[in-house]
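Each of the next two complexes has subunit A plus one more chain, namely subunit B in the first and subunit C in the second.
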Partner chain A sequence: MSRITIIFLFVCSVLSAQESKKLIARQGQVSFFSYTSVENIKAENNQVLSIIDFNNNSIAVSMLMNAFVFEKALMREHFNESYIESDIYPTATFEGDILDFDPNSKTIQTKIIKGVFEMHGQKEELEIKVKVANNNGVFSVSGSFETLVKSYDINIPPLLAGNIAKSIEVNFKFEYEPYEN
Partner chain B sequence: MNRLISLKRIAYIIILIVFSCSENHDKMVNENEAIQHINILDENTSIRNIDQSLIDEVILVEGLVKNVNSLNNRNTIIIKGTNNELVICDMQKNQEPKLNAIHVGDTLAIKGILVGTLKDVIVHNCVITDADE
Partner chain C sequence: MKTKTIICAIVLLLGCANLLNSQELLDILKQEQKDSARYVTPAFKMTRIAFGHSTEVRAKGVLEFFTATRFWNFPGDRSESFVADKVTTRIALEYGITDRLSFGVGGTTFDGLFDGYLKYRLVSQGKGQKTNPFNITLFQGASYNSSSGSIYSNNASISSDRFAYTTQVLISRKFSKKFSFQVTPTFVHKSLGLNASDNKNFVAIGFGARYKIGPHMSLVSEYYRTLNPVESFDTFDPFAIGVNWEVGDILIQLMLTNTRNMVEDTFITQTRNNFNFKDPNLHFGFNATYVIHFNNKLKN
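This part shows the complex of A and B:
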């Protein structure tokens, strides 16, 4: 075997190993709750995209705002057309890092993810406590956080202000598989 | 008298609002509905570049079954095209009995409401249908 062939095979194996260090979740779940004395609003998005890169322990999340499913269609309409304006801002994204994360650990790790969440054109720095589980090589990330509606420049008419909580509870759960293009 | 009519009108509007809020008017997909047909088995077709004006409209996607799962308690079929494009189909609840007959590698046509595109195309309220429609 020539030296060039050996070098080529080595480069291919290194590139392949790096590629396999990426994980993807195509059907991540993000849900949010708004609790008020007037009404409770709950919505769920079950097709949230997330990619983890073990080369630098970074995590990226992207979701379509109009993929949120509500209990009532009218809530979905108000959410997309009046509040989130999903025709102008179709996606929300998060980009961050899993701090002090050990991909080789087989135990459930409680870690902090630090990054920037962008929704409705507004960026918000977040630090979120998450559980990272490695179940025989199948990674999952789950957690929850609270965020303030006023951080996202969402215009709520005074008449409806009592229907929507000032602080929204967000829950998320991602199950990852090896990344493939 | 005029005041009474106005009160009746207001009551009627309130009843209408309350009634409309209590019903879920999410668009349901009818198997016989005429729609845009996208065959992702055709290598010249790219569903990732789908016309954005079709968002919230019913489309028919034809491709190969890559995966059938019930992650997050949602029945989902993932369809793959020849250009490695994936379509994530969130199935209507009434499609559950049909899912056992679906296998990886089958050619399948699915109708659903186009939600949009991230890395993959997302379609909601999907029903299994006949590609020849």
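This part shows the complex of A and C:
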């Protein structure tokens, strides 16, 4: 009896492991904007990684800071060396859950993702409204949010305070494919 | 009883496995990202350390408007000049043809020197395995001395003597977030024109370093050792210590130095002052660079 239970549980666990359905996006797009009267700054990163685990509807995002491309080449150097310090903090990450998510729905769902965004060594709790689309099994997640520069302990020289917006707009779009371990 | 504990243990384990599962997401991404995380920020922000070139090359479509000025006083305390007795300025335009290759042309007021250079970034430093531990940049410069006075008055008729050529291999490494170091083997072909027996080929080695003291500010120092200096008059090795201030599109360098020349062949072979705080040996230097981007990287 006991052996049967154990075998049954073992089979269950193996099955559940196989069922653990993960999706990965390898070329996610993240861009950010800073609008001020002095200067508009825009940067794009098209190699952002993201993964979704349908077992518990959790989602994670990881982006290399040096993969952000700016209009001005020198701005990228300043960004990496003086502001975001990508030698020490090479990536920004997000880890959270898609609330009330139904993986089987075929319609476009508007959901809230709640989680922790970490950049420049600083953690910030975010609630982001996203659109989740399931286009014949190809999932995509897109949305935007605003976040305050001062939350991330970034040193901005007083002379340039007027060039960098206090609130940065972030847009993102991920298209997922099945993840094979 | 025993079976119950085993079942409990398995259920707990399964629960743990599930928990691990959610924590692993970022680890999976970390694994995926491993290969691309090899970028090292440039060893130097500016194309100059102090008076000499750094391994840094400007990106494609970037134009730099570069001005370098040196101020110094004559000896004696009765100088009545405002700010400084003597000033020399080099004005130059430097342009990135590709992300690796850039050229520059400039002119200096004090010695009437016109110069041009080509600079090519051979390799960039990366981190991790199978990447290069150094930045290596090749530099080839040429200058033409147009002055009627100075050392050229003796043999002004030989115009080929007015040309000088400098070849450099710039090798740098960013050792830590704050500290970068550069070694620069240099070959100069230059006729100083004072004495026919003077050598025309010079070998020198340059050392330069940067230490960041803030996110936008760094201390720099540079020194060139000439291995076979000219013998018919006294020359000294150029040295500078300064502060670089790197913000936005404007890059500013302030320095104290013993050389008033700003082109490689001249400061390496004909610096006539030693470094000390006595006039006219002490020169205050000011470099300002304004960077203009003609190429929008986002539209590629």
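Going forward, the second predicted complex is superposed on the first by the 160 of 181 C-alpha atoms of A that agree within 3 Å, B and C clash if a C-alpha of one lies under 4 Å from a C-alpha of the other, contacts with A are read in each partner's own complex, and residues count from 1 in each chain.
We take it that a residue touches a chain if its C-beta (ideal position, glycine included) is under 8 Å from a C-beta of that chain, and two chains touch if they have at least 3 such contacts.
No experiment lies behind these values; they were computed from the predicted model shown.
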Superposed on subunit A, are subunit B and subunit C clashing or fitting side by side?
clash
Once chain A of both complexes is superposed, is A:Gln27 in touch with subunit B (first), subunit C (second), both, or neither?
first
Using the touch definition from the top, say if A:Glu81 reaches subunit B (first), subunit C (second), both or neither.
second
Does subunit C touch more residues of subunit A than subunit B does, or is it the other way round?
C
For A:Glu175, is the partner it touches subunit B (first), subunit C (second), both, or none of the two (neither)?
first
Looking at A:Asp53 after the superposition, I want to know if it touches subunit B, subunit C, both of them or none. Which is it: first, second, both, neither?
second
Per the contact definition in the header, classify A:Phe145: touching subunit B only (first), subunit C only (second), both, or neither.
neither
Is A:Asn66 contacted by the first partner subunit B, the second partner subunit C, both or neither?
both
First (subunit B), second (subunit C), both or neither: which does A:Thr91 touch?
both
Regarding the shared-chain residue A:Leu159, is it in contact with subunit B (first), subunit C (second), both, or neither?
second
Given 27-35, 135-143 or 225-233, which part of subunit C has C-alpha atoms clashing with subunit B after the fit on chain A?
27-35
Could you give the residue numbers on subunit A that contact subunit B in one complex and subunit C in the other?
24, 26, 44, 47, 49, 62, 64, 66-67, 69, 71-74, 76, 90-91
Which residues of subunit C touch subunit A in their complex?
2-3, 6-7, 10-11, 14, 17-18, 21-22, 25-26, 28-30, 32-33, 36-37, 39-42, 45, 58-62, 99, 177, 214-216, 246-249, 291, 293, 295-298
Interfacial residue positions of subunit A with respect to subunit B in the complex:
24, 26-27, 29, 44, 46-47, 49, 62-64, 66-67, 69, 71-74, 76, 90-91, 173, 175, 181
In the complex with subunit C, residue positions of subunit A that touch it:
1-2, 5-6, 9-10, 13, 16-17, 20, 22, 24, 26, 42-44, 47, 49-51, 53, 55-56, 58-62, 64, 66-67, 69-74, 76-78, 80-83, 85-88, 90-91, 93, 95, 155, 157, 159-160, 163, 179
Can you list the residues on subunit B that touch subunit A in the complex?
20-26, 55-56, 69, 71-72, 74, 76, 78, 84, 86, 88, 90, 115-116, 118-120, 122, 124
